[in-house]
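Letters are used for the chains, namely A, B, C and D, taken in the order the chains are written, and counting of residues starts over at 1 for each.
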């Protein structure tokens, strides 16, 4: 009994699919003809392109219902186009400008036959296809793993941990509400420089209960309440007399303030 | 003996880039970095046909043996060669816009590849909703916490959601209930994203950076064990 | 696994947990398409990060008027057609704001070729509406591929890397570039990206020329930019479609972003409702199972 | 980009403990690793695939030849070895032309180690470039091959949820792992087990339990401990600066550090 029901279900699905497909194709054909008549070949080609795009989109959306032959056909075409595109792009964007043009001396350069040398290690890759000499391809593979890991080793220091490297004590962004002269002191070393966004924030937050406290900007008071807004906003500045002036400024982004009654009413100026 | 040769090769592969990074500028080691980078790129570039050969082998086998669905393989092969030919023709004839080859190329790219890419990207919207529906079940305290945060962040992002707590804004001036004005869905969302989420991310970034460092050191110095690495 | 066979029963709470994903997708499809026919008004709370970006551009316009010198804004268009839904409204909102305030800007990209072309279309349509002219009010460098070393050279001196704009006219005699030679003369770099192209500007441009960086990103990259805002490297951000809609609301000019927000509005609500349904069914079923357990003992 | 003094110190702070603990581990000291559910689930997943006799799918995502791709290949060699031991087929779609030969080599070595080289079918390692064509091909593959266990290790972008959700619709056990933060929410929602941050890089050490690799794990943690104590020191120092700004006459330490 179940097979009969499944059979009937498949048949109805097939009929519905065929009807829908026919309707779409007829509509696109008419649309192309109308523009073809009105604007000649250009108009026809334009609408034909739009029609093809519509068919591709509907084919992919048909996958939402279930995996069907139309989607499978469109998927193979997509993979074929993508492999073809990538192969052609690697040849025209990477290999020709960096290797072939230098070897044959394209656009006025002197042909440099030394560039024939990279071909030999390059051909080692293709020993992977052979049964007996597979180990030869291992040489080039391991060389590239060494390059990859060597670059990754230094990469960890440039991308995530880069900030300490720049070591630029005097970094001032003159944006209108970020008048921040980072005269350097230890807390700042880690606050926003150690790695993207600063490791100190991660640990400060893990250690501290993230309550928020906001002090008025104008008051310069040596003693300060110790609740932090999830990170330290201290900004030590050497003034001319050489004494340290501790100014605790509010964060320039007016984040929600969960404490400090006095502050709320005096939100002057900053939206 | 081969094992030792492979270890040396792996080490040499990464040596130059490490030295270029560590040694200061004056040693002049970094003048060649662009050149060496290009040579490595070219040698790596030669491998671009390997994957294609395997794909062609797979699909020609499917066609020759008439396995079910071989018409899809024919479509794939036709699309592949057609795209390669049109792209190379466009490159070598450096066709400009009103050439016929550009017309075909635009058809393949703007009319087939780009619509399908953005349609598959849009499938995400359907999958997000069905994944959220299927897997957000309050099985444990953490699951409840995760769902609560998700709802707050989502509500805080859309106008209708913000309206749910917008009436709290009126309390901003009242002396003893001033804090109530802050506890709104969008302000909590902002705080969650700006403070909690950002800090949690940094914890993971730091951990991953140190982990990546250790693994790259192990691979570079061939300390890594496991079937792939200590082969003869 | 264990869960699957439990909710095989047909009680209402079992059915609630087994809604077919096709129905869920159909509802999503309907909710997304409703706002195209019925215009739903959208009033949003402006998030501080969008507000600080808006204030920054306002401040540049004020300073240009006060000091008379023409500070320029550089729009780095590192987005491709697949992320058009979120990045195009952001670009349009920023171009609208710059045109209205008379701030000249440069369109360019060193990462993706499609970005500047699509931005050019937006600029032309907006310019027609607001009476602005190419060359006087904005210039478009088009796509210029730059590796790290080239990019660093570009930051120091624009003319080293770029001689002609995307139409082929040499950029030296374009009025916009009158007193612009390097990134130091740029007041704000607004990078619109679907990936993390803004790190180019933060790692290589900011330490050298101290320029302010604004970012228009897809919603998924938003959380990653927040630590940078906190650290002061990024001035402000438009986060996804809601960022663009909030910016349009600040400009009082509802356009693509606001229309998109209406659909996003409904779909977000549907996600919350779907999750609630699933959980109501789940909780009720667990309670029923506990009751049945008690009866058995 | 050249290292400044601060970076040189950081190299020392992080690499010193790693090398030291590798030597200690080689000298035979037992080092404890906390159980990671996701990684121990790999055996369970492949076991389930054997019961159902369905193939195993291992996707390296969009990883290139950086450390994320290399780690993905390292984990692939373990999963492939497990699959070879139980005579299972393993399908490996790869996205970049440079990682493809390395992945194929890794699977071939795994089958050779288990002595089942005849079972190895080179056509099971597929090369599909392009982000969304890759997603479409893998999703189509899942619906046709109906794998019983899916593994997603490597760098993923927007297509992570498409793969994970399609996999769960096919009813497979799914283990995902990525150091990248952006795709974690999608994997956590749609997959059964998820590996986060440094667990991803510790996977090979956890699976092989080799002394040198476990030693390097301990070395990593020591590096982090040093970092955290350094930061806590900063925190205490900042409080002092807050209460009594003149507590440190000058910042000579720091000027030296960051010259």
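Operating definition for what follows: a contact is a pair of C-beta atoms (placed from the backbone, for glycine too) under 8 Å apart; a residue touches a chain by one contact, two chains touch by 3 or more.
As the structure is a computational prediction, the values presented were derived from the model and not from experiment.
Undergrad: Averaging each chain's C-alpha atoms to get its centre, pick out the one most distant from chain C.
TA: Chain D.
Undergrad: Can you work out the whole-Å distance between the CA centroids of chain A and chain B?
TA: 7
Undergrad: What's the distance between the Cα centroids of chain A and chain C, rounded to whole Å?
TA: The answer is 13 Å.
Undergrad: What's the distance between the Cα centroids of chain A and chain D, rounded to whole Å?
TA: 19
Undergrad: Roughly how many whole angstrom separate the Cα centroids of chain B and chain D?
TA: 14
Undergrad: Got the chain A residues that touch at least 2 other chains?
TA: Expected reply: 60, 63-64, 72, 75, 78-79, 81-83, 85-86, 90, 125, 128, 138, 144-145, 147-149, 151-152, 155-158, 161, 166, 196-199, 201, 204, 253, 255.
Undergrad: Touching at least two other chains at once: which residues of chain C meet that condition?
TA: As it turns out, chain C has residues touching two or more other chains at 21, 25, 48, 82, 223-224, 227, 229-230.
Undergrad: Would you please write down the residue numbers of chain D that are in contact with two or more other chains?
TA: Residues 1, 3, 11, 65, 67, 70, 97-98, 101, 104-105, 127, 129-130, 132-133, 136, 158, 181, 227.
Undergrad: Is the way these chains touch best called a line, a ring, a star, complete, or other?
TA: complete
Undergrad: Applying the document's contact rule, which stretches of chain A touch chain B when the two form their complex?
TA: 45, 48-50, 52-54, 56-57, 60-61, 63-64, 72-92, 94-96, 98-99, 115, 118-119, 121-123, 125-126, 128-129, 135, 138-140, 142-161, 195-199, 201-202, 204-206, 210, 212, 229-230, 253, 255-259, 261, 264-265
Undergrad: List the residues on chain D that touch chain C in their complex, please.
TA: Per the stated touch rule, the residues are 132, 157-158, 169, 181-182.
Undergrad: Spell out the part of chain B that touches chain D in their complex, as residue ranges.
TA: 21-25, 30, 44, 47-48, 50-52, 54-55, 57-58, 61, 116-117, 120-121, 123-124, 127-128, 130-132, 134-136, 201, 203-208, 210-219, 223-229, 231
Undergrad: Under the definition above, what is the set of chain D residues touching chain A in their complex?
TA: 1, 3-7, 10-11, 65-67, 69-70, 97-98, 101-102, 104-105, 108, 127-130, 132-134, 136-137, 139-140, 143-144, 227-228, 230-232, 234-235, 237-239, 241-246, 248, 251, 253-255, 257-259
Undergrad: Quick check on the complex: what are the chain B residues that touch chain C?
TA: Of all residues in chain B, those touching chain C are 34, 114, 117-118, 121, 125-126, 128-130, 132-134, 136-138, 147, 150-151, 154-155, 157-163, 166, 184, 186, 190, 193-194, 197-198, 201-202.
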